[in-house]
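Here it is, the structure, as structure tokens.
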Amino acid sequence: MVSKALNKKFDRIKAREEYGIEPKRVRSRALRKLLSNRLAVVGLIIFSIITLASIFAPLLTQWDPGKINLRAMLQPPSAEHWFGTDKTGRDVFARVLYGGRVSILVGLGSALLSAIVGVSIGLYAGYRGGWFDTVTLRISELFMAFPQIILVLMLVSIVGQSLFNLIIIFVVSGWGAMYRLARARMLSLREEEYVQALQSFGLSTARICYKHVLPNTLGPIMVNITLTTAMFILAEAGLSFLGLGVPLSIPTWGNILNVAQDIRVLQNNWWMWLPVGAIISLFVLSVNFIGDGLRDSADPNLQG
Amino acid sequence: MPSDTALTVRNLKTYFYNNNRCNKAVNGVSFSIRRGKTLCIVGESGCGKSVTASSIMQLLPELSRIEEGNIVYHAKTGDVHIERLERNSDEMRSLRGAEIAMIFQDPMTALNPAYTIGFQIGETLKYHTAMSASEIRTRSLELLRDMGISLPEQRIDEYPHQYSGGMRQRAMIAMAMACNPKILIADEPTTALDVTIQAQIFELMDNLKVEYKTAIMLITHDMGVVAELADEVAVMYMGNIVESGTVDDVLRRPQHPYTQALLDSIPVLGRGKQQKIKAISGSTPDAYDRPVGCQFAPRCEKATIACNEMPLDTSITTSHTVRCWHPRDGAP
Amino acid sequence: MLTYIIRRILILIPMLFGISFLVYLGLEFTPGDAVSHMIPPDLANQVSAEKLEAIRESLGLNKSFLHRYWSWLSHAVRGDFGHSISGGVSISKIVLDRLPATLELSAAALIISTILGIMLGTYSALHKGTYTDSGLTAVGMLGVSIPEFFFGLVAILIFALKLGWLPVGGRLMPGMESWIDHLPNIILPALVLSLMMTAGVMRYSRSSMLDALNKEFVKTARAKGMPEWRVNFLHGFRVALTPVVVIIGFRLPTLIGGSVIIEEVFQWPGVGAEFIQAVRGQDYPLVMMIALFSVFAMLMASLIVDVLTAWIDPRVRLGEE
């Protein structure tokens, strides 16, 4: 005996099978699963909209994000200024669009760089073993022992604030996780027969690592890149909010939020911080949806 | 119905509904289990033999249901229609463990690693009897001893990971036998064990059958096991029982081409390297895309146009039934 | 079990060496040399140049790099972490003053998120596929996606500024004596800080519970005729709990990291807020030392988690690997 709802569902499936109607099928199994995950599709759509809006910012707004206009200070949202203006009369909507460029660049760029660094070292170390493996493993452990934001802030205080520095710092703090993932995958794949067959053919280490094993590790790595992107976007927002991330002269989502540290702005000028905060949340949410969808589609054990 | 019948299954159909598809895992199966006898259900993996067992226990996964048919447990107090009970209702639970017990393939995963063996045996007794804690312990010790576990006083407080594979399965059987069930369902109980251990477990099960008059339903894919243990045999293929009868009927006078093929594919010890082992041609069809008529027809040498329709169960003798249009000993 | 704990502690020692060396390197690369921060600034201003030179000599400042590291480390081990640049106060005093506030906040958030996260996650798993489950999953997703500080700002706006139910920030105001007096102050920061962790623990508890419920031994328990609550909690939950404890340990860095920003948002006078002040004021020795402490705290936390999980798991408890 099963619940009524399930009974109905079962009857429907059975009836359909008996009429010989088969559900439509997309060719790639992974893609099919990703597309059948409604949340992942929603995530993909939101992600594309926000990213495209940032890239094509000049087409979407006539305002210059840095242009100070003292005659239009602290205006609430209107048809002219969709998200209002800030203390120096800059258009907040334009700043959010242009800020998105930097924030997404920092998030996605740092995640990709971390993956490139971490995966290339990790695969090599996992395959070769020996002293190289031991040393890199210990180094990654050292970096991963720090709570991330503390490591990042410590490095910021040493090397100083700039966009470039921030990306490098994110990579320093983020490569360890990718390294470990790639190394662990390599350790298990190394024992697979196809890798041993390649060895017996006398292929070079680099070729085995990056040409033959890398494609088989891409699933979990892709998932990790999306989740790391989300994490870095949150980190950039947090740091810039504190005034310690990207220099304030460059608009980023975090820098726009910086004004909310002032309690008067917080109370009276909601348009200066609430919309951008919501957009950060929405963007990170969409990235997380995509990451979850990727994870499910990469996992052969889960059935949709 | 003869009085020694413990359980009757009639035209059981259990379907699975994964991935928005309907898989007719068990499609019209009938058999009965008798007290003090062993019924072996034999077939390759995916033929529905485990699903049949799960249906009897109402332990099916969420996305599945019993579509049709009856599973009748003949209790002292009267017949119980298991298929009408809610999955985890009180009545169903009072049957499980107490009247019908089940043991599984891999005793390592079937035992909870977080609790001692004693705890896990005691649990059954606690829920199905009115025993006190000390009585439960005494009974558990007795069970472990009966199942051939040495030093039960020490072993009872150990965890599954401290047991060897064979001992774990003995502990599982002790757990299953705790309340003296009328029926014991064993789902490939020795597949995960060494060959030498297998024999010991079978010996143990044979003793149970004689000593406690337990009806045993043994699920296996191993014809050797069937020959050794079974009183009755049912051969399953793609959700149907294709042939059933006493062990002599089925092993010595196989009627269904699938049974014959199964028997031909077993190497016989002592016949040397020259013996011909015949593999069954083709492969098991897709569960979602089953043949219309006889399920074995696409792989069968004798298949004719008639096989596009599902054959009826035909009695060869009073005990021997086959579901085929072209049984070996002549047409029906 | 005891040997396990001892071995686990021994592993930490080279780790701590490595971290301290990293932090020391950071100090060497920033203005002022590491060991000179050991001299209290007041003293450095008063004494004559020759005397200062003598002190420098005694601290090993004029010796090689490794010597200086050793001198710095031996001071640190004895609890002398040097002095902050801006205030000239000893770093250990600053941290000790600020520590109770941070511990209070983190502990509150940890307790809230552990209890709430495990409860909601388990509930969700047991009601898999229902609307409540989907709702909770969505809320969980949102929880890990909203920047904590932004959530904090919204909470301040609503509950402090608009509704006026709770204070905007701060911890101990003059006249506050008992803990009940400052209970209202901790509610908002603790809830906000626990948000992300609750969401994480919830997601993980759900999947861990689902995992456990799919195990063969759960089927065995049902086959024995156990009632559903016993199947779910004694067999499912008990086994699902171990990985959840581990993940809570893994998530502690997020909690510590989150507390840095949340303390700043709510003007909570903890180590995190001090850390941000130090980074802003380029007070290098203070920055490095707080970083060092945070790593130390993390390592200790992971040690505790390891011991705890070992204790839960009979296979480790009984001395097998």
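Letters A, B and C mark the chains as written, and numbering starts fresh at 1 in each.
Assume contacts are C-beta pairs under 8 Å (C-beta built on N, C-alpha and C of every residue); 3 or more make two chains touch, one makes a residue touch a chain.
The structure displayed is predicted, hence computed values, not measured ones.
Visitor: Could you tell me which shape the graph of touching chains takes: line, ring, star, complete or other?
Guide: complete
Visitor: Is the number of contacting C-beta pairs greater for A-C or for B-C?
Guide: Higher C-beta contact count between the two pairs: A-C.
Visitor: Go ahead and note the Å separation of the Cα centroids belonging to subunit B and subunit C.
Guide: So the centre of subunit B lies 53 Å away from the centre of subunit C.
Visitor: Let me have the rounded angstrom distance from the C-alpha centre of subunit A over to the C-alpha centre of subunit C, please.
Guide: About 24 Å separates the centre of subunit A from that of subunit C.
Visitor: Listing for subunit A: what residues touch at least two other chains?
Guide: Within subunit A, no residue contacts more than one other chain.
Visitor: Under the touch definition given earlier, write down the residues of subunit C that touch subunit A in their complex.
Guide: Per the touch definition, subunit C meets subunit A at residues 15, 18-19, 22, 26, 29-30, 141-142, 144-150, 153-154, 156-157, 161, 168, 252-254, 256-258, 260-261, 264, 275-276, 278-280, 282, 284, 287-288, 290-291, 294-295, 298-299.
Visitor: Which residues of subunit A touch subunit B in the complex?
Guide: Subunit A reaches subunit B through residues 1-2, 6-7, 9-10, 13-14, 17, 23, 303-304.
Visitor: What part of subunit C is in contact with subunit B in the complex they form?
Guide: 215-217, 219-228, 230, 235, 238-239, 312-315, 318, 320
Visitor: Looking at the complex, which residues from subunit A come into contact with subunit C?
Guide: Subunit A residues touching subunit C: 39, 138, 141-142, 145-151, 153-154, 156-158, 230, 234, 237-238, 241-244, 257, 260, 263, 266-267, 270, 273-274, 277, 280-282, 284-285, 288-289, 292.
Visitor: Would you tell me which residues of subunit B are touching subunit A in their complex?
Guide: Residue positions touching the partner: 15, 17-22, 62-63, 65, 84-87.
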